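Quick one: the structure is below, and I'll ask about it shortly.
Here the chain labels run A, B, C and D in written order, and each chain numbers its own residues starting at 1.
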Amino acid sequence: MTLFERLKADAAPQWASYTNHDFVRQLGDASLPQECFRHYLVQDYLFLIQFARAYALGVYKSPTIDDMRQSLEGVKAILDAELDLHVGLCGDWGMSRSDIENAPEETPTMAYTRFVLDAGMSGDLLDLQAALAPCIIGYAEIGARLQDGGADHAGNPYRLWIGEYAGDDYQKVAGGFSCWLDRTAAQVLTENRYPRVLSIFEKACRLESDFWQMGLDAGSR
Amino acid sequence: MTLFERLKADAAPQWASYTNHDFVRQLGDASLPQECFRHYLVQDYLFLIQFARAYALGVYKSPTIDDMRQSLEGVKAILDAELDLHVGLCGDWGMSRSDIENAPEETPTMAYTRFVLDAGMSGDLLDLQAALAPCIIGYAEIGARLQDGGADHAGNPYRLWIGEYAGDDYQKVAGGFSCWLDRTAAQVLTENRYPRVLSIFEKACRLESDFWQMGLDAGSR
Amino acid sequence: MTLFERLKADAAPQWASYTNHDFVRQLGDASLPQECFRHYLVQDYLFLIQFARAYALGVYKSPTIDDMRQSLEGVKAILDAELDLHVGLCGDWGMSRSDIENAPEETPTMAYTRFVLDAGMSGDLLDLQAALAPCIIGYAEIGARLQDGGADHAGNPYRLWIGEYAGDDYQKVAGGFSCWLDRTAAQVLTENRYPRVLSIFEKACRLESDFWQMGLDAGSR
Amino acid sequence: MTLFERLKADAAPQWASYTNHDFVRQLGDASLPQECFRHYLVQDYLFLIQFARAYALGVYKSPTIDDMRQSLEGVKAILDAELDLHVGLCGDWGMSRSDIENAPEETPTMAYTRFVLDAGMSGDLLDLQAALAPCIIGYAEIGARLQDGGADHAGNPYRLWIGEYAGDDYQKVAGGFSCWLDRTAAQVLTENRYPRVLSIFEKACRLESDFWQMGLDAGSR
């Protein structure tokens, strides 16, 4: 059993609320109001900027060169590729770069990202990884499940998003992250410490749910 | 004009939403459901723990011994006095220490506190102070205004809370903080940087409003 | 066996070099040139400022309120008392406050203090404690040994320094720190991690030796 | 006048001691004992690891995406290229990878690197840049001056090292860093703050001198 599997089992209610959130279900059956998705996309851009900072913090906090390089992959993925892809995706949905960059950062965006950064800064690399895991591995699980359920059919306007996270590239990133988490845990995790790591993981799941809910709420404004 | 006055004027909408929030008005006219106040009190306890960490970060980030001592006062106030007072206050409202310590930290609590900690860690002492200012000075303004409006009459169950923040001791703390902010700004604030400091201040005001709203929302659950 | 005892045994050469350094021996037999002691005192003042920052970092990094309060004691001890005592002690040795505050921070002072701060920031509370331990507990051992050897006789100009660290108050501080280290280790220390903690401890011992050597070298300039 | 030029002028003695250090002169006239160079190379490898962490800290502390990307270039340069090049260079000088990785980190290495990391963590991006500047720009100046003086002739065993830092690629890195420093300063530098920035720069120059001296001292052991 990987540490991720253990955390997921012990945080089953929070994990279920996050990965089966109405936002996710509506992505899958194409019923999600497009305004909700647009709102989500913009906040997700602001989220990614902070996640690049969190991965950079991972480089700073890494006890070995291998750990540094693993963290660096995350920084590069975001700053060298994902941000521009995201602007392109937003463009497909009718939003300009300045729409995105001038959008105010909402509370759920700040809550999740700053929680991750603080968990990592105040703890060690394992604490940072535990805070990042729900996002990185959860999106892979969500993408794969939606695709397996046939959600990425031609009529679903969200099929590109689903396909990205269901795709081999992203699945490998998530799998690699889980292995890295296990390597760190093998070095530093004790049973006495486990409840604290679990608490970080649970909070991060809750903050992910709040992030989805922010998207849903945008449809009723 | 102090830096605080300038920030308050430039963030007038956010400041007004925060300091005139319905939660505050209902505290003043005693119409606030007690469940809302109880909920607020517990989250405020969890908030204080993080604020002690933020003041400690201030000690770490201080460029002079005077700044270190100023920050230390904040840490001591919370860890040596306010936390126990808060437990006592919660007790008056029927909540035990374990009720408080086992309460889950809600999203608005995490959002504001981790935002402050990250603003301070990623920037310098001025950034940290700008993130702390809405809480520290805002509560003094709220307390004084409610008291001036006669809100602390014997029939108001919230009069102790109002009296604490309207009292001389707290007013001096807030005044001292504003002076300290000016001293720091005199050293490091440029006009080019001002918009970034203002942005931190505005976000902190928004996060304070969300914190009040969390209290209000507890009444309708 | 406490964690400190284990670290001390495993870092026996580094511990011996530090605690039996010529500077220490010459303090004990009163043969230390006074210029060396004066130089040491001034650098130790600059050192204490950074140690107050390190304890404040401990507050920031503490997982529990008890840990926060334990760290806070260290900040208060330095900022509320030791710095002024140190200025007084320097005065006894003919140095004014401005002599002290204008002294350049030397490389060994920067090396040790910034190493502690970075070990703590990049790791967790245990890493910070492991970096602080050689100073806090080592001075207690040195003071007690010199006093037991009769070094604090009336003819020794360094008897006040020896007496301070041999005294009950300081011995209790050091003993309390060792217990705190054990409490943290009981939560988070694994055998796989132990070599990294030992490495921090060993480096801190080496940097303490370099600090003594800086004092000695001042006599030959 | 760039900020770097101003800092260099105001820290003229420290800059001269660093850039005209005997180690540098002996590199130029090929009189440097090879044992000194070998010792330097190994410590420089350990230094680079910490510098990668410092650049990663720059990503974390960057107020804009452009700043994040500028910092990221530094991390990538070290982790994706320089470390392996360095192992190769050490191999040319007869040292294996395990020789390098098992070498103890010496005090001057820890002093400079941890000073940079702490200056950056406790301050803002400008403080970090001021601490990095002597290394990044100083090596370009040293390389160019030695090459201009003809030091990279075929008989000089250190010509590869000189050529690397005199080369166009490195000169551009250093020039780009100076421009980036100016961009940051244009946002946040005040005259009141300047002495603190200068103090960081001066200390970093001193710590660079100590790093050269460590290399020289290795020849007399």
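Following the convention adopted for this analysis, a contact is a pair of C-beta atoms (placed from the backbone, for glycine too) under 8 Å apart; a residue touches a chain by one contact, two chains touch by 3 or more.
Model, not experiment: these values are computed from the prediction.
*Asks:* Going by more than half of the contact pairs matching by residue number, which of B-C, A-B or B-D reproduces the interface of C-D?
*Replies:* That interface is repeated by A-B.
*Asks:* When contacts are scored as defined above, which chain pair ends up with more C-beta pairs, A-D or A-C?
*Replies:* A-D
*Asks:* What's the distance between the Cα centroids of chain A and chain B, rounded to whole Å?
*Replies:* 30
*Asks:* Where the centres are mean C-alpha positions, what is the separation of chain A from chain C, in Å?
*Replies:* Centres of chain A and chain C (C-alpha means) sit 43 Å apart.
*Asks:* In angstrom, rounded to a whole number, how far apart do the mean CA points of chain A and chain D lie?
*Replies:* Taking the mean C-alpha position of each chain, the two centres sit 37 Å apart.
*Asks:* Which chain B residues touch at least two other chains?
*Replies:* In chain B, 53, 60, 121-122 touch at least two other chains.
*Asks:* What part of chain C is in contact with chain A in the complex they form?
*Replies:* Touching chain A from chain C are residues 60-61, 63, 121-124, 127, 186-190, 192-193, 196.
*Asks:* Quick check on the complex: what are the chain B residues that touch chain C?
*Replies:* Residues in contact with chain C: 49, 52-53, 56-57, 59-60, 62, 65, 68-69, 71-72, 75-76, 79-80, 83.
*Asks:* Tell me, which parts of chain B touch chain A in their complex?
*Replies:* 53, 105, 107-108, 110-111, 114-115, 117-118, 121-122, 203, 206-207, 210
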